[in-house]
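Each of the next two complexes has chain A plus one more chain, namely chain B in the first and chain C in the second.
Moving on, here comes the complex of A and B:
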């Protein structure tokens, strides 16, 4: 599940992910990203503070979102990565590819 | 030391929507092991991640173009390790032929087996005439005094 919010006078779109991003739920993110490409939005932010789980399908959708925003010369930021998603992003070295703001939620109980 | 084992078994339809039934239980077990000092939180995340990728592979790849069957999940808690087996009756693959992804190229797929191999201590895949089994294990922390009973 995700919610979308426009900030910075409509130049930033924050997509807040919640629950699981996996093979069953990636379509929602993909559709939302497609609808935010180009136009007046200058930056896409994925807020993962309430994302509890991500699998390789979810990672694929995040990477695809990054590539598409880059192709449209839009900024891309992942915010508040923590827990299991943080573990996956570290393994796949995604922090080297795009900007990740991990906030304060580094580690938490499983 | 006696190797007392707790064994849990799930037999689930090979559909992604059933995966979280077993994942929820595995989450519970890992949380319990974490509270006992036998599993770091990061390691718990790794075990759950590996399990999900294994289940996904069985559903998405093993049963592709086949009548969906079942995925059997066996979880064994031993004194020094947590072991998972994910079995299917679909199409087998050769795990040694799965290429490691080029992470610098930012792949959007082909990451499942890599995640499993990186996150688990031991990974084996065996295939017989009627069943494919992915075995995975992860060592528990010695500081947890081994797995506490009850």
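Moving on, here comes the complex of A and C:
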């Protein structure tokens, strides 16, 4: 499940993910990201505080969101990663590619 | 039946092509419908006349053939169908059609007055008033009719053919019916699509206008309805052509399958009171049987589709297997073994051995994100690219950097690849390896009895395909006799027990430390320990393991070697 919220006077779009991000649920994220590319939004934030599970298709969708926002010169931030998704992101060294804020005050930015 | 194609989008909009018995669409000059577009296959699709109707078939084209934006392999065409071949669009026109277009009158229009309704869910036998011999005879006659129609249509398994057959039978049962059609709900259930239309009089091409209100009543209340006074309705008066045709009566019944109204059968006729209440009951009864036949035909079509898909999957599996090494490499003193176990028919895991020169061997184990055919196709491409860069570059980290660039430039945003690539130098007994976001190889030292995940001299690199300018580092390990290196994909350590507990790296390291250090034995132990952990729980991820072991010299005796014998 996914909710979208605009903040910073409409310049930041926060997509809050919930439950599982896997082969069955990535389409929703892909569609939402596509709709937020370009335009007036300057930063896309994926809030993962309520994301419990991610598989390789899910990571693929996050990586695709990162690449697409980059191509549109928009900022990209993954926020409040924890549990299994955090482990997966660390294992894949994705903290070296984009900013991951684990939500505990420490910033894993490269 | 005569037909033609009218080009609506493409090189020559407006151009028409009269359809002969066989007509091929494609890029080749000799195609009857010649399309100058490089994305169109040379022989892309064929339209041929089958039993008086036109059928379109995709001829294995690269970009597919679409009818009304639905990919088709083979399908009968109906008037106004839009055929798309790459960027070119054609409208199929049936020249001698009677009428196959149905228009629903807007909701503001007043609906014809309904004279009688019948609950379509009740059986013909449920009528309590069948008490006199005359009633019983009438009921028996109706049941006989329903049975005869049911028998005639039950063996038709093609949906299009079935709908035509249903209309044909209805015209026999209702000799006063002048026009009829069947509409079915689309897949999402929000629209009604006319699927079959029949007219008794030839040469009439009038559009058929029906009341949306009536259709809604039939579908929502699952009621069959009879009206007598369509011509008194202002909506029909506006449509001059309909008024001329002199509609006087109409019968409509829902097609109810598993308690759901999936479509509607409609008949109308000139002449006041052309239909009676008894006709409505009969139509309702026939429609019940027709809905069952339709359900069966759809199930049959689903089954065929699934069988095709399964055949394709088995083919994909065989093709993918052909990209994996057929035999294990040979190198003096070294033993290699590998295991590949996809969770589904095809998977995104892969491994390969690349002979770089007489002394050096490239070893790769990787995992393409996602599962199924998409990941497998990508894996096939990656195997080819990796072989190229492995031969072009000496250092593993350079191979990964160039491969990463190729993956990024491939333009598949949602695909990334993790892999370990190592170069084993036989005479020097050195393995130099690099990782792209992949688990590090595991080393089992014979002499020290130690098992550990190898450290990269620096950090493991990003998965391939994430950043265009990613760089990679290498690790180096010197091997001694009895040492074994195991490279694997995450399916091994993430395999779940029935209690949803992962196998994990700790268990893997523990099982590898025991027993023989021979490569075959190490690999078998890893598989055995994992399968004991998993038990009967289903597997969701591909698992690949490659093992390379440096054997003892033949003149040396070791308990390990003896144990194997």
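Everything below uses one rule, namely that the second predicted complex is superposed on the first by the 104 of 110 C-alpha atoms of A that agree within 3 Å, B and C clash if a C-alpha of one lies under 4 Å from a C-alpha of the other, contacts with A are read in each partner's own complex, and residues count from 1 in each chain.
Just so we're on the same page, a contact is a pair of C-beta atoms (placed from the backbone, for glycine too) under 8 Å apart; a residue touches a chain by one contact, two chains touch by 3 or more.
Not measured: the values here are computed from a predicted model.
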Return fit or clash for chain B versus chain C, each positioned on chain A through the superposition. clash
With the two structures laid over each other on chain A, which partner does A:68 touch: chain B (first), chain C (second), both, or neither? second
On chain A, which partner touches more residues: chain B or chain C? B
With both complexes superposed on chain A, which partner does A:30 reach: first (chain B), second (chain C), both or neither? second
Does chain B (first) or chain C (second) touch A:60, or do both, or does neither? both
Chain B collision site on chain C, chosen from 165-173, 273-281, 363-371 or 471-479, when both complexes are overlaid on chain A: 363-371
Common interface positions of chain A, toward chain B and toward chain C: 23, 56-57, 59-61, 63-64, 66-67, 91-94, 97
What does chain C use to touch chain A in their complex? 348, 367, 369-371, 413-416, 418, 437, 439, 459-463, 465-467, 470
So, in the complex, the side of chain B touching chain A is made of residues 16-17, 20, 23, 27, 30-31, 34, 39, 41-42, 44-46, 48-49, 52-53, 56, 60, 103, 106-109, 111-112, 115, 118-119
So in the complex, which bits of chain A are touching chain C? 23, 26, 30, 56-57, 59-61, 63-64, 66-68, 91-94, 96-97
Any idea which chain A residues touch chain B in the complex? 20, 22-24, 53, 55-57, 59-61, 63-64, 66-67, 83-84, 87-88, 91-94, 97, 107-110
